[in-house]
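What follows is a set of notes on a single structure, which appears directly below.
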Amino acid sequence: MLAMNDAEILQRLSDLSIELPDPPKAVAAYVPVRIAGDVAYVAGQVPVVDGKVLAPGRLGDPDSGPTAEEAAVAAQQAALQVLAALREALGGSFERLAGISQVTVFLATAPDFVEHPQVANGASQLLVDVLGEEGRHARAAVGMASLPLGASVEVAVVASLNS
Amino acid sequence: MLAMNDAEILQRLSDLSIELPDPPKAVAAYVPVRIAGDVAYVAGQVPVVDGKVLAPGRLGDPDSGPTAEEAAVAAQQAALQVLAALREALGGSFERLAGISQVTVFLATAPDFVEHPQVANGASQLLVDVLGEEGRHARAAVGMASLPLGASVEVAVVASLNS
Amino acid sequence: MLAMNDAEILQRLSDLSIELPDPPKAVAAYVPVRIAGDVAYVAGQVPVVDGKVLAPGRLGDPDSGPTAEEAAVAAQQAALQVLAALREALGGSFERLAGISQVTVFLATAPDFVEHPQVANGASQLLVDVLGEEGRHARAAVGMASLPLGASVEVAVVASLNS
């Protein structure tokens, strides 16, 4: 596969007026990204901006939950954190990244919620907008009973690397 | 690993009186199958027949939910869609498929539901019946708060390929 | 990557006064571990001791649920079962194991539960304590509506192997 062009990806982010967040830090017993051979496993990202969870609550809960539109923005933010984590783990450049293989979008939802695709598209579209065709992935979007920090969205990714 | 024999697999499906469904289509930002090296990641499949979700509702919910038996049939259908997606992505033949590595069976359930294995076996058994020993996989079966389209079952798969 | 030293890992377990449980058995249609190339996929492990589920129930449910501390011990047990399954699948030695790539910790929870990290650390810390730096992994911890056998914890793992 062709190598990604780091400068081009940064330019695309800039064109989209999107800023790559600071990469998530390693915590006690696990790491944001684990590389094994040509595969990079990215830890589940809960969308956080300025130390606060974006669009917390339970989707489909009229009292306290965010709307699908708000959660889609949060999913996009989680995907950005995935990209920031990957770039950091690859030595500060997207050069070695070959593509996004698998995206699992976990959504905290009420039992009758059905707009999983609309929310998950916030993450999927960001990956394609920024990485182009190689950002296109297999996806599962599923509804959870709860998520860490009371988030409505968590995004986990498997990416492929060039040797 | 030995290559799979496409004609033999189609014959086995025919012997089981099972028809391979049309492969799922790519949607906007994600794809049914992403191949990276010798690994194929298959997007989460919700069982759909003639445009309608099979066995919708929440397992363990006496009012509206399907029985475990009905959901097991839906899980089998989802696994068939996985096979159809893989065959399409591999150029219309199972020849390059080496085996099924990982199956995650997501089930929409009430909190006290415990028949996850019975339902998930619908998917697991189909994969072994059709692909033989190389269809045997590691599995996780878990209960969700909700699934896309109000489905009771969603099946995501990682498969291995020959070079 | 360097090979793991089986005797050293067993010594470390002994130093921690931890006993490796019997490896989980293959059931009907799926297997505890599926190896594909240099990747080992481990089936979701529900913590079981002497035939009984450890810390069953729903986290965050004041009536029937275990505490986060109890569930963290259960998560550690599930991680031990993962190690037992891997060692068995690798011919009775950790020698070929290169590291732990991805850990998904599924927790059965009430909707307002937020202590996922504390519980999941039970699994993550065990893997690092026993395997050292190569046990450090990408992790997702998520809250489920229900789990098999009424468990509060299920742990699924992807590991990497030496050729």
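The chains carry the letters A, B and C, assigned in the order they are written, with residues numbered from 1 in each.
Heads up, the rule we're going with is that a residue touches a chain if its C-beta (ideal position, glycine included) is under 8 Å from a C-beta of that chain, and two chains touch if they have at least 3 such contacts.
If you're wondering where the values come from, they're calculated on a predicted model, not measured in any experiment.
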Exercise. For the copies chain B and chain C, give the interface type as same if over half of its residue numbers appear on both sides, and as different if under half do.
Key: different
Quiz prompt | Between chain A and its twin chain B, rotation from the CA superposition, multiple of 5 degrees | solution = 120
Quiz prompt | Computed distance of Cα centres, chain C from chain B, in Å | solution = 25
Practice problem: For chain C, jot down the residues that touch at least 2 other chains. | Solution: 39, 104, 108, 144-145, 158
Practice problem: State the interface residues of chain A toward chain B in the complex, per the touch definition above. | Solution: 38-39, 60, 98-104, 108-114, 116-117, 121, 124-125, 127-128, 136-145, 158, 160
Quiz item: Given the complex with chain B, which residues does chain C contribute to the contact?
Solution: 27-34, 36-37, 39, 41-44, 58, 104, 106, 108, 144-150, 154, 156, 158
